[in-house]
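Can you keep this structure in mind? I'll have questions shortly.
In order of appearance the chains are A, B, C and D, and numbering begins at 1 in each one.
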Amino acid sequence: MDFFSDNTAAASPRVMAALAAANAGAAAPYGKDDWTQRVEERFAAIFEREVAVFLVLTGTAANALALASIVKPWGAVLTHEEAHVVEDECGAPEFFTNGAKLVDLPGTGAKLTPEAVTKALSHLRAGDFHQVQAQVLTITQATECGTIYTPAEVRALKEAVTPRGLKLHMDGARFANALVTLGCTPAEITWKAGVDVLSFGGTKNGALAAEAVIFFDPAEAEEMKWRRKRAGQTLSKGRVLGAQFEGLLAHDHWLDLARHANTRAKRLADSVAQGGEARLAWPCQANEVFLVLPPAVQERLKTAGIGYYDWSARSLPPEAPLKEGEVVGRFVMSFATEAEHVEALIAAIAG
Amino acid sequence: MDFFSDNTAAASPRVMAALAAANAGAAAPYGKDDWTQRVEERFAAIFEREVAVFLVLTGTAANALALASIVKPWGAVLTHEEAHVVEDECGAPEFFTNGAKLVDLPGTGAKLTPEAVTKALSHLRAGDFHQVQAQVLTITQATECGTIYTPAEVRALKEAVTPRGLKLHMDGARFANALVTLGCTPAEITWKAGVDVLSFGGTKNGALAAEAVIFFDPAEAEEMKWRRKRAGQTLSKGRVLGAQFEGLLAHDHWLDLARHANTRAKRLADSVAQGGEARLAWPCQANEVFLVLPPAVQERLKTAGIGYYDWSARSLPPEAPLKEGEVVGRFVMSFATEAEHVEALIAAIAG
Amino acid sequence: MDFFSDNTAAASPRVMAALAAANAGAAAPYGKDDWTQRVEERFAAIFEREVAVFLVLTGTAANALALASIVKPWGAVLTHEEAHVVEDECGAPEFFTNGAKLVDLPGTGAKLTPEAVTKALSHLRAGDFHQVQAQVLTITQATECGTIYTPAEVRALKEAVTPRGLKLHMDGARFANALVTLGCTPAEITWKAGVDVLSFGGTKNGALAAEAVIFFDPAEAEEMKWRRKRAGQTLSKGRVLGAQFEGLLAHDHWLDLARHANTRAKRLADSVAQGGEARLAWPCQANEVFLVLPPAVQERLKTAGIGYYDWSARSLPPEAPLKEGEVVGRFVMSFATEAEHVEALIAAIAG
Amino acid sequence: MDFFSDNTAAASPRVMAALAAANAGAAAPYGKDDWTQRVEERFAAIFEREVAVFLVLTGTAANALALASIVKPWGAVLTHEEAHVVEDECGAPEFFTNGAKLVDLPGTGAKLTPEAVTKALSHLRAGDFHQVQAQVLTITQATECGTIYTPAEVRALKEAVTPRGLKLHMDGARFANALVTLGCTPAEITWKAGVDVLSFGGTKNGALAAEAVIFFDPAEAEEMKWRRKRAGQTLSKGRVLGAQFEGLLAHDHWLDLARHANTRAKRLADSVAQGGEARLAWPCQANEVFLVLPPAVQERLKTAGIGYYDWSARSLPPEAPLKEGEVVGRFVMSFATEAEHVEALIAAIAG
């Protein structure tokens, strides 16, 4: 039993079924298939506006291609220091952008604040050819710490960078998980709040391997078809991506899957909040729970054979640092996490 | 009814079934899953030696990553001017290699000769820092023109570049199709003939989206894990790739699929060879047939609603150029091509 | 005594004097100095229009930065196969452009024709995301073979690519040498004939190390200040470049230097044209002479200790190939080449 | 009168004279000239060991090429957040390395500590393909804040990264200024203390435009000739670089020039240290003085027409932050700074 990540699960049976159903007969290649075409329309409906949609295989590719579309090689991308683009993509953003700089900023619970962003901008002189030029702010929704940004928070961040003309990218590898907590519309938390480009996650949500880059201004996507092909992310049998998303998006299945995962996470977080040796590192707002674990709890989890990741303590609130022997443990729930596993985890924590 | 490409087909039912069967329960991510592990062992058995195997999503990624592993940014890659790396990857090799140069060479039927390669090398001075350095020769098996290289031909090409120390890469997007024609072992047509790195094609052969980069010298693969991740080609749910290949490779299914496709192609080629208005542009040796089509045949195919690609005439034998009004038509057969479709095509050609 | 290249000479004394004179007191750094400012105005006067000027250190940097400004990473640059960008820059264009493709074309005397260009374009489908996109045509003036393009020829080349929207770059490492032969204005052979960006050579003409990238549409130069800085080509003591060009351009010194070099070349070419064992490989139109040298002449030159480069025979007219034992020898004259050296060379050739 | 930078000065007359003297007759191109050859030997003597030397034009190019030689595209370079590579090179290191990541670390007076470096390493997992790999530590000597590292401090930094196998690069744009303060040998502060590659500054020290990349292990320099050429940093008239360095290095002229500049800086720092409204931001150890300037002093400097840069306050000791209205002013002395100018500055500060 382990809670390492939401990527150890299989695909949702409905996604798998959609793919299997699509696997019949000939189809136009390279994304001109019916499934992909329908998915593009579906995204327009979900976001209540015209969008340009590019399906790709991995979250790393989605983020790197999205960023490359809106930053110059001599540009800078402001980001949280624990973001996936910084910590988990082996430099893909730098590779795809031909060397743009990620400017890594701190923030409790992996969240950026307008203050942190404004301070970072003050060190980057606009128009000065000696320096990289701040051109993009990227935020993660839900964050790497399982926290979320409200529409107001997203808007405040966009406003902080608007005077300097930065675009706003949202890494939505766990977009669905954030959305079901927020209870707002997809439009409200994206383009209506200032997001220019979204990496819409499918894989962690229940797909096999499918992500979408969504441009709210299609004009910014004009070069994307070349970028994607050149990156080896344009599938010849494009229905493989289209069908997965069709299965995921139909009947709001994606939201149901996320709701399941969040519910599991909330159960754990609520239990810990009621007292005991472990404590929440920061609020649980999506499908991930981060717990400060004293040695005794670590020991019990080990004995119980329960797997989790030791997480960086960088995003702890400064006023509540780790004590000697404590670690931050990450527990991730997926659409497939079963209730009894969470109960077993709760029991092991409680001792 | 069309014969545009072997990528318009779905996946083989057995591949699909293998994927569906794998889609259950949790699995280690990023290629540490059981399916991928077994596939790596299977490839070692197929090639009768230790190999380093990296599964990726597309042929473009496979080729670009393979080349990037064996050429420096200031290196040159000798290639046929109609190769996929030149014509169909939107500069992916240049992107992944940080700007290595593809040196495009002519050759009948998309095949390179030792003479052409030797001549090209004579224009590239070894060790001279003013020039890009010849470091790789890449060949396609089966070629873009549906012809194949024999083990002796591969060896002769390798010998032509060995004095200059070039590595030999084989783009095997249609490796299976070549193999069933050759009737030799996979080892004989690859490392035993001098191939250093192979792009082993799965997608055109009957997978959904799965290719393998195979290093016959694992030492050359040491950096590949970073390259692949950085390119957004490392799947979190790695079993998606592993299971496809397991389905494809089990019980020599991959060879059966290729044999089916080749048989369809041979039927068409044999029919044309018996006479008529159309003629073979060059020999049909795999699953693609290239026909020189006079206007009347073009017209009949149009009337019959049969789709095919107009192909470049660059690879025609110099002694048999196109006549006024003729075009080269490409007809590709896949594992899914049905006999009656080929017969209908033959009938339309014959008129 | 050798005729290897025009880059073995020192700088013209007047250039050196200008630099020495500039070497006094403080000056604004990074190109904001008075010398550079004046040079920019001087170029506007020379070209009879507003231009954007960027001074750099080497011809390789000038070409690579110029191309990077007008081609996308997935773009293609049509060029002669013997151009400096192909043969002598170790892949700098590919590096600076993040992997654009140089499409190398043949042509007698290193000159491109509209026919060759049109044929090459026919293999590159506009708008197709599978392929690199033809975006730039680059020509060399004077060419690597010492031949030149007339304004009409330049215009014809531009017209051949205009339907496809390509920009025209001119590598003018030996621009002055071409100009004095042509007898036209700098404007006539550049922007009036369709050139968009010019690499204006200083070093071979008599500077120490100074080249200028000149944009005839300043809007295309907007990103150049970042590109140049990022390439390590923005001098802090910018007057080093400004002063060299001021010395070179004042009183048409640059044209006088080129005229001197061309005169020396013409003397050699005229002598050979009058008969003897050697023959001109193609017309001498600037400061380089290419001679087909039979073995006896090679031997005499060796005995006389006269150095020259063996040159590729690729650009010979097809109807006049090398005979057994013959080589093409390149003899380059500079502003510093002395008449008696040319006479000694003539004598050695004549035997 | 201004103290903006040491790059607003001309070249030292002796450097200029050396260049003028070299400007006669033909010379082998591309660094095979006698001047460059002698300079390479001179560097070996200065550093008391075999070295590989590559002359380039700018400090940005020197640093970027040095780093590219020792870091992979997926590597990380630990650096101070105010280093030239971070703040003043417009992303050149990212460009030349094909996207390696600079990890920016804080530190008082622009100096890194073993603690800061060790902490940064703890966030970068060795061997994990999800992450960029820590491969280089770069330090600046003298730093951007005019402070210096002692041999013991350099060694301690190297020891902090040795378990992880990082190479140590030193940006020595003001190496001479550090050296004359340290009073040790060039060897002691470089390779004997663990430095692997040094950017040896010439331009700020008194050259026109000349820097040297020095590899203490020549094996690491094997690819540098291609990297340099490809970057457009290989001069055809290589003596331009060789002669400058010959003039600079002869008779320890470089050390005399640095001593002059440091003496001017020390005069200012000593004066401020004796009391008054301004205070030293951190110790003055080379040729730059950083003063915390209260509003009244700012006003007096403005009135006196004395130029200086407002500097970032990030490197102030945490215990001595700026008070309301204060700024950090940077005053740089060069070999050409005259005593009376410093006295005028002191007078203006004192009021």
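In this text, a contact is a pair of C-beta atoms (placed from the backbone, for glycine too) under 8 Å apart; a residue touches a chain by one contact, two chains touch by 3 or more.
Per UniProt, the chains are A, B, C, D = L-threonine aldolase.
In this text, all values refer to a predicted model and were calculated from it rather than measured experimentally.
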Outermost chain relative to subunit C, judged by CA means, is A
Check: interface with higher C-beta contact count, C-D vs A-D, is C-D
So, in whole Å, the Cα centroid of subunit C is separated from that of subunit D by 35
Rounded to the nearest Å, the gap between Cα centres of subunit A and subunit D is 40
Contacts with two or more other chains occur in subunit C at residues 73-74, 89-91, 95, 98, 129-130, 226, 229-230, 234
The subunit A residues in contact with subunit C across the complex are 30, 72-74, 98, 129-130, 133, 223, 225-230, 234
Listed in rising order, subunit C residues that touch subunit D in their complex are 2, 4-5, 7-11, 13, 16, 19-20, 22-29, 56-62, 64-65, 89-92, 95-96, 203-204, 208-209, 226, 229-237, 239-240, 336
Residue positions on subunit C within touch of subunit B in the complex are 73-74, 87-91, 94-95, 97-102, 104, 123, 129-132, 312, 314
